[in-house]
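Each remark here refers to the structure printed beneath this line.
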Amino acid sequence: MDGYQYNWDVVWQSLPELRQGLIITLQVSIVGMALAVVFGLLCAIGRLSQYGYLRKISIVIIDFSRSIPLFVLLFWVYYGLSLKFSINLTAFQAGAIALGITGGAYMAEVFRGGINAVDFGQREAALAIGLTQAKAFNLVVFPQAIRIIIPQAVNVYVGLLKGATIVSVIGVADMIYVAQYVSLNSFTPFEMYSAVGVAFIALTVSIAGLAYLLEMRLNRGRSRG
Amino acid sequence: MNTTLLQLKNVGKRFGDHVVLSEINLEIAKGEVVCVIGPSGSGKSTLLRCINFIAPPEEGEVIFEGRSWKRFHSALNFIANRKYEAQLPKLRAEIGMVFQHFNVFPHMSAIENVMLGLTKVRGKNRNEAREIAERSLRQVGLGDKLDQYPEKLSGGQKQRVAIARALALNPKVMLFDEVTSALDPELVTGILDEMRRLASDGMTMVVVTHEMNFAFQVATRIVFMDAGRIVTIGTPDEIRNTTEPRARAFLSSILG
Amino acid sequence: MASEQPFFDFAPIWQAKSLLIEGFGIAMFSAIAGIFFAILLGLVVAMMRLSRYRVLRAIAFIYTQLFRGVPLYVLVLWIYFGLVFAVGIDIPRIPSGIIALALLNSGYLSETFRSGILAVDKGQREAGEALGLRPWQVNRFIVLPQAGRIVVPPTGNQFVDAIKDSAILSIIGVPELMKIAQEQANMYYRPFEFYTVAGLLYLVAVILVSKGISRLERRLARFSREKIEASSDADKTVSEVGG
């Protein structure tokens, strides 16, 4: 279809702002991830607890957090919660919290899966030499679980990174926000969104590559005896 | 009579609705080697795990060195249960256990495997622990493999690490759970010889095994189990000539 | 003014209930259509990934990296706003949304299908070929049915994700549940109530779909397990054809 003049200059001109937006995206996703790790760890501990009622509550919390769309959760936190309980959250904070909750549900399963993957006999042997439950976990089970947990945690992070694009809707000045207002003024949505898309793909591929290297290093000389 | 070191009184264990052990009564004197034999699923491995409370029995008690260990069941005994649970590591430090699938810690070298109990359970400092661990590993013939990681060791070597790990804590009793079943045939004799050496050094041992020759040669008493119960106990000669039908059937199918 | 109101004001929810249900329907429709096309696309791409020709494999690889790396939001905006300028085709709202969902999920599904096909024991294919079946027959009657069983759970999960992702379509104006909830929340000034209800509706959808997938899984598993139990211990390589 001739007649459309691709205007890639706009992209080059907006690079500084796009870079700023990228930084904000990274910030909100990293904070969200940190919250997710904490929330996920708590849920995982509850999920693996010996107390039935604690397990059940944890399962409910995890399932709820996993089933609600991030977008709905975001609005619920930013508009709903703050209005109902008169808490003043910035858009960034609301975004990080929503990411933390959703990510936390996935991290809970990642923690649980990693811990369960460690052979049951390892725990038996650790207890048999007289270690307490806590020491058995810290010194024997968890070090082995971490090898499985880290690559999957990176996957969760990538998911959060992509999910974080939503926060532009409540006003966080991330890459998409920048792309939106630039394309509005210069009629170049195709170029701008393509650029943002490429940026994300590059980001995702690099992180995946790093995770692969990390996995290789973790597995070096340490496979199961 | 020798002093009784370990006694199981009316021990019972179930997993959910499935009863694995019932009415287990057994007295073991110091220096005895008790071999437990029986068909698969008879509860032999679970019996061992009840002794050091890795699988706490629902019923009965375990009396070790004069002290009774039992688990309380109603929710009212919540506090009592928490208290005895906190004491369990002390019990387990006095009882050594070697597993069928070795369970050596893959993220630590051989010597670190042995040192773990010494530093974290006995509270020794690293130098002392290292000395003791080294000695322990030399005794099982692994003096040249101290810093190797388990993935580089053969099955027999891993099992030796496991034995050294247990022995380093100077236990009063050693539990062996079919420790040669997962080994290649040519490595089995090596481990059995280690166990013979331990027995002749006077270690009290409870050995679950399928190695009948070993059992009849080394045991002071043999326990035959079936379907979660002890069917008959006796010296090797008594068992060899037993008239108990299930034991008879089992022995003839194994020994021919 | 605020002190008179109940904690959870049901009245506006009740008033808007038919709108909310309609929105729910559109959300589900978009998700189902999106996954449907995603499955078709995913299958094609998976086949390409497994093909003998390096060019096809390379194209398929790029496809998966592309659509697994791009966020749905960006894809949606690109299709709805961007393509109009560049290619001149004006794709309306709902189709834009469905296309975006289809493309994105096909990236993940192609990987799922590829793993599923590879997971079928090599001996199955060998046995089929030994019988004299031609390659397409081996695929149709032996490999794909078994791969199908394996991929049901992850595909189900992808469907659940599509249901959740459909909320993003609200941004381009598709009148699905999230958009309706937004509009009503603004109209009645009750964001907490409306977003809570929206969340619960999605939750219900997700739970129902997940349960359905588990049921399906169990019914399919019956086929391989029955045959395994029926055959004796001597016959270790079971998992028969068909089912």
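As written, the chains take the letters A, B and C, and residue 1 is the first residue of each chain.
As a working rule, a residue touches a chain if its C-beta (ideal position, glycine included) is under 8 Å from a C-beta of that chain, and two chains touch if they have at least 3 such contacts.
The shown structure was predicted, so the numbers you read here are calculated from the model rather than taken from an experiment.
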{"item": "Most widely separated chain from chain B, with each centre as the mean of CA atoms", "value": "C"}
{"item": "Chain centroid nearest the full-protein CA centroid", "value": "A"}
{"item": "Separation of mean Cα positions, chain B and chain A [Å, integer]", "value": "45"}
{"item": "Whole-Å separation of chain centres (CA-atom averages), chain A against chain C", "value": "20"}
{"item": "Euclidean distance of C-alpha centroids - chain B vs chain C, Å", "value": "51"}
{"item": "Residues of chain C defined as touching chain A within the complex", "value": "7, 65-66, 68-75, 77-78, 81-88, 160, 163-168, 170-171, 178, 181-182, 185, 191-196, 198-199, 202-203, 206-207"}
{"item": "Footprint of chain B on chain A - complex, ascending", "value": "119, 121-122, 124-132, 135, 139-140, 143-144, 221-225"}
{"item": "Chain A residues touching chain C - in the complex, by the definition given at the top", "value": "1, 3-4, 6, 63-64, 66-73, 75-76, 79-81, 83-84, 161-163, 165-166, 168-169, 176, 179-180, 183, 187-194, 196-197, 200-205"}
{"item": "Chain A contact footprint on chain B (complex, rising order)", "value": "49, 52, 54, 86, 88-90, 92-97, 99, 101-107, 116-117, 120-121, 149-151, 153, 158, 162, 165-166, 169"}
